[in-house]
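Next come two complexes, and both contain chain A; in the first it sits with chain B, in the second with chain C.
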Partner chain A sequence: MNKTRRIETTVELVRILVAIGIAYLIALIILYAISDDPIFIIRQFVLGPLSSQRRIGSIINLAIPFTFTGLCFCFMYAVNKFNLSGEGIFMFSGCIVTLTSIYLGKSGLPPVIMIPTLLIMGALTGFVISLIPAYLDAKLNANIVVVSLMLNSILVFLSIWILKYGMRDPSIGSLGSLPIPETARFASIFGKFKIQAGIFIAIIAVIVVAIIFYKMVFGYKMRVVGSNPSFAKASGINMLGTIILAQLIGGSLAGIGGACEILGNYDRFKWSASTQHGFDGLMVAVLARRNPILVPITSLLLAYIRIGADVVNSKGDIPIEFITVIQGIVILLVAAEEFMGGFKKRLIYKAAKDDLKSDKEIVVQEILADDESKTEARKESME
Partner chain B sequence: MPMYTLDWFANFGFSVLRLSTPLIFAALAAVISRKAGMLNMALEGMMLASALAGVIISGLTGSIWIGLIGAVIVGVLAGAIIGFSNLTGKTDLYLTCIAFNLAATGGTVFVMYLLTGEKSTTSAAIKAFTVPSITIPLIDKIPLIGKMVSGHNLLTYLAFLSVYIVWFFLYKTRLGLRLRAVGENPKAAGSVGINVTRIGYISFLISGILCGLGGAFMSMGWVSFFMKNMTNGRGYIGLSAMNIAAGNPVGSALAAIFFGFSDAFATMIKGRGGNFPTEFIEMIPYIATIAALVVMNMIRMNQKRKIEKGLKQ
Partner chain C sequence: MAQEVLRMDNITKIYDNGFVANKNITFWLNKGEILALVGENGAGKTTLMKVLFGLESPQSGSVYINGEHVKIENTLDAIDKGIGMVHQHFMLLPSLTVAENVALGIEPMKKGLFDFNKAVKMTQEVADKYRFNIDPLSKVEDLSVGQMQKVEIMKVLIRGAKIIIMDEPTAVLTPQETDELFEQLLLLKEGGHSIIFISHKLEEVKRICSRVTVLRHGYCLGSYELENMNESDISRLMVGRDVVLKIDKEDPKPEEVVVKIKNLVKINETGKKVIDGISFDIRKGEVVGIAGVEGNGQSELSDVLCGMDTFSSGEVKINNQDIAGKTVHEIRKMGLAYIPEDRMRHGCAPDLSIKDNIISDRFFLPEYRKGLFIKHKYIDQLVDQYIKDFEIACDDKNQPVRMLSGGNIQKVVVAREFTSGSNFILANQPTRGIDVGAAEMIRKTIVKKSRTEGTATLLISADLNEVLECSDRLLVMRKGKVVAAFPKANEVSEDELGEYMLGIKTMTAKEMENVL
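For the complex of A and B:
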């Protein structure tokens, strides 16, 4: 029993590594094939992101929003609901937080009050938005994927509308909001690394989520509901409540992510299209196999590849877009049950066979021992 | 204020039909997948890939028709990739589609850059080809309707014809019946000897043909070049149209035309300038979908409750 689980975990790990390896290899082959100076470009892609403190800082900065949306999708996945609203929430929360900060900025609140208020605002935005698909799914059985996808598009237009008519700065040429007040912005820390202070919030979020998942009754309930609904129902777990609450927590995390991104890296809100952070978070969660503890690691990995592509883009003539193809391949390979599935089955089969063999030997020995004792007993009776 | 003359109405009607074309193709592609029991979220990426393929292949060969066939083939290939990943590789369908859309958004820009050196559009680099427009002989003489209905791109007429073809395929052919059987209950269908995997593949391939035509219309009819992310959510709108009509081909097409109408309306208001927030018009397809889902499921829930009540008595 435990043997099978151990094999599954090992294969799972190997699978992810192989998938990333294959994708990385494809990236290198593409770079090699289309570049005039492949060695230089590949070195830029592999080592470029680590070559300066500034770039390492930007890897970490990029990993912060991925961590938040990744954690968001861990919750959605835990209860087996494909709620994609994290994508829209991320952008919309950035918009709402900017709007709030502009209004609060006039009152001259100190950062100690300002920043927590804005974070709560972001979380609240996510909470309310994710309630829509969660509720419609739970109460009316409306397809959660469709509802959340539609919701994402609505949120994009809503954000643009708020930006245009609620907080547009007419003094700048492009479409952008009024500047976010200084008191609301995160400081950048660690000197030359220029890491945004949102990293502390991200670390706290990971720890809290890990505690919820693995140390709290709610986390256990959630995982039971996700992996075995019939058992959860039979053991009297409040199914609807657990499923909805998990999605609300997930949505709040995406909201905090949007708030951190806008307060940490921007001086105004100027997103005019969906940021794709939600779908990146989905990939992070898939790669982390829905384990929140692994989310920061896979976020860093994705951010490393992204910054690598950025470096290549600025150095050579290679368009950064090819990285999304690589990303697609990684998702497919990691999510494909059949990818290395035969390998897993063989291993489990072999282990079971070995078990059977040793079991048989034990049985044979038992029978022999039984026989011996019987013959001895017979001998005794004969005597 | 422009004058709301007969001409104006004719022009508006014309642009409604034109803007509906890709939506109808997308909606029908979604219908085929839905009837086979699947939610095809990858329409967006499939259309985008076909749109680029049409431009490139027609540019390379110098023939519109080879370009059009190329676009359809790429659409079918895209369907095959998704089918392989989902049916043979046993990957979660939603994840497959999201991954495919991701790859198509970036991949089309990448291929475009490799071939033309441009990152946003092929309009300068590749010679433009468009599928010809057709004037319908007698009808174009009718005052208002003539101008609305006649003179459209061949693919627009094909879109309307496809509604009938898809309906006929689903409800009047053996394969269509099997496809619906698989969609209703794959295990029951499998138990009577229908090859469920093969039907799944067929549904993705047909979906691919329709997406190929829709994509070709975008880059070889609507405009004559490929532009970065030019489908701009039309795949998702097609998906919504299908959802509103619960997979009925005719209803889905009507919903698609309604969304084409709101699209034309938004374009018109934008064109007039002024300060009207067009964002809310652009939201219509998405809000309508959610509202339709809510209403439909409420009715379904009520029926279920009534049946349960009846059983108890």
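For the complex of A and C:
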């Protein structure tokens, strides 16, 4: 049996690598077909993102919000609730945090107080917002996917409304908020890499989430509830509380993500459409197989593909939309759990057959002979 | 020389989790014989039959019918080749009539519409031919279990099956219904049908079969003429030792009442009284058994007692605390331990580890945690000890439960519930579908806990042998009521029990007065 476990883990890993490999191969073939200078484009796509310190920094900066929203969806997944409000929360939290920072900026608070306050504000926003679909689902049995998607639309337009009527800077030509005060902005670190300081918060978040999942009582409850709700009920676990709280924690993480994104990369709030970070997070969580420890890795992978697309877009004749196609292929193959299932089964059968050879066959004569000697012994002792 | 109608040659079946259910099994079936296929649960009987019926595809091996090599890809193939299977759990539509059930899949048509009259006629013909006493117009939900089984057999016959697989047909029957079934099977045998009879009740095997094929741990230990074998020979081949079906136990010394059930009534969503005014006590140090044909309110009673479901009226007290409106968590705190009927649904989380499954009812206790954190080291030690104590065959405590065999999964459930420190154990079908060794251990532990620790136990089981052996007092449930109560289970015979289960006899309230 131990062998089966090993095969399952190995195949899982190989499967993801092969999925990515196939997606790249398809991408390369298409590039070859539609580009005038395919070799150059391919090199740009594969190596471009790693060609300068700045670009590597961009990958990491892009991976930070993915990590937050990825962790968010790990929680939603853990309790089997497809609460998609992370998308809207990310943008709305950015908006609320900007608004708060503008107000607090006037009071001249130092960064050590300012930044934590704003992060808490972001988390709180996510906490409160995610309560809406979670509560409606639990109490009124409203379809959580529909509710959270509708909620996302509301949040997007609410953010734009706040931007337009609450904090618009009339002195700039485009639509944008008043500047975020210097005391609230994250420093850019590691010199030429220009990585935003939010990376530390992301690292801490991953560690905390891993502890919640695997070390804490709450994480245990969450795993039982997500794995088999009927069993959780029969064991006397408070399902409702666990399911709601998990979603609230998830929402808070998306909220912190939005805050870090705004404070780390922008000088003013100027999002006028949904940022897609939430849905990217969904993708990250699926790729990481709901395991929070793998979230940073899959975030980096997704970011790498995105930056590759940017590079190709700026250097060559390939439109950025093309990259979305490649992403789709990767997700399709990784999310399809039975992809390479036949290969896995063959390995398992083979291992089982090998075991069968060393398995001692039950010999009938032995059983009966053993028995006869016993009965004889019994007879003798009776005599 | 008998004519061989079926041969399965060198069948090896490996499941996707790496479990080898059949290891190079070869056996054959002669025309007009009843062949017994015996083996413990998990020995591979059902898998082998699923391979034959096209429900599973084997990794290697071949099937011959009438000497001809055939490939059975799916059940339609199997039916086409004259193979029929009567499943252990009936595959019937309760709200349709017998005729509609029998004709399902081979519906006679008239002008593109279902010809009901023709279906009735077809069913009646089969019933007459094989002497089944069943009205094709009655609804399946109104039939008894024994009659439902007849419908299943008719379904197989009308499709022209010559080889009939019966998967533990007597498991759900009372002794009287079993007799009737056997007469029917002998009739079929004379009519030239060949039957594979799966059972682990050896006296039944001796009664109607001529040959026996023994499976054990996926191997075939050969086929034997039954006239040369006695029951203990077969059981030794099955398990490698004599199976002790008797449990030695001292008389109980019941003390104070632990569970008090008074006038309990449960009306379900459809307005049917599924529990109809039940009252009885369970005392400290005794095992109360409930026998009955399945579906007579036992599952509902179990659900109500553990808090998975609500009840309509009446009163249930565990250790003097009322359970009305309480959650499962609160009732467990009052002293309930619960072995559920369906272990994969309510007894475990298959994807989680043995360890995670064992602590599910107690992780919140101060002993198992330090503030918000789980005390992993302490729990690891404890779980390792339980794995040893309850002889759970596994790699280690981190192995997902789904990779274990049925018997070992049930041992995980039992390890949790028996170590919870509760003084009331509700055991619903605790040994269903598990191997003899594991079943024996579980039964012995139930009795031992009541004697040494004074646990009050309610044992609900469809296995008559189990309730008769393990219980002190024995109740019989029928249509949501207690229809019989015996002060000493070991003085009751299976036949007598069967009469009460079928409703041939009923005790009056006065007769049962002192036993409840």
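Rule of thumb we're sticking to: the second predicted complex is superposed on the first by the 340 of 383 C-alpha atoms of A that agree within 3 Å, B and C clash if a C-alpha of one lies under 4 Å from a C-alpha of the other, contacts with A are read in each partner's own complex, and residues count from 1 in each chain.
As a convention for this text, contacts are C-beta pairs under 8 Å (C-beta built on N, C-alpha and C of every residue); 3 or more make two chains touch, one makes a residue touch a chain.
The structure presented is a predicted model; accordingly, all values stated were derived computationally and were not measured.
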- Task: Considering only the touch criterion stated at the top, classify A:K192 as touching first (chain B), second (chain C), both, or neither.
- Result: neither
- Message: On the A-aligned overlay, A:K357 touches which partner chain: chain B = first, chain C = second, or both, or neither?
- Response: neither
- Task: Check the residue A:R223 against both partner chains and state whether it touches chain B (first), chain C (second), both, or neither.
- Result: second
- Message: According to the stated criteria, A:L158 is in contact with first (chain B), second (chain C), both, or neither; which is it?
- Response: first
- Query: Thinking of the overlay built on chain A, is A:K345 touched by chain B (first), by chain C (second), by both, or by neither?
  - Reply: second
- Task: Mind working out whether A:A142 is in touch with chain B, chain C, both or neither, as first, second, both or neither?
- Result: first
- Task: Touching chain B in one complex and chain C in the other: list those residues of chain A.
- Result: none
- chain B partner, complex, touching residues on chain A are 34, 82, 136, 140-143, 145-147, 149-151, 153-154, 157-158, 160-161, 164-165, 279, 282, 286, 319, 321-325, 327-329, 331-332, 335-339, 341
- Message: Looking at the complex, which residues from chain B come into contact with chain A?
- Response: 39, 41, 85, 88-92, 94-96, 98-100, 102-103, 105-107, 109-110, 113-114, 119, 233, 236, 239-240, 243, 277, 279-280, 282-283, 286-287, 289-290, 293-294, 297-298, 300-301
- Given the complex with chain A, which residues does chain C contribute to the contact? 12, 14, 16-20, 23, 59, 216-217, 219, 221-222, 233, 236-237, 240, 306-308, 327-333, 338, 340, 345-352, 356, 359-361, 363-364, 369, 372-374, 376, 394-395, 399-400, 403
- Message: List the residues on chain A that touch chain C in their complex, please.
- Response: 1-5, 7, 215-218, 220-221, 223-224, 227-228, 230-238, 345, 348-349, 351-353, 355-356, 359, 361-362, 364, 367-368, 371
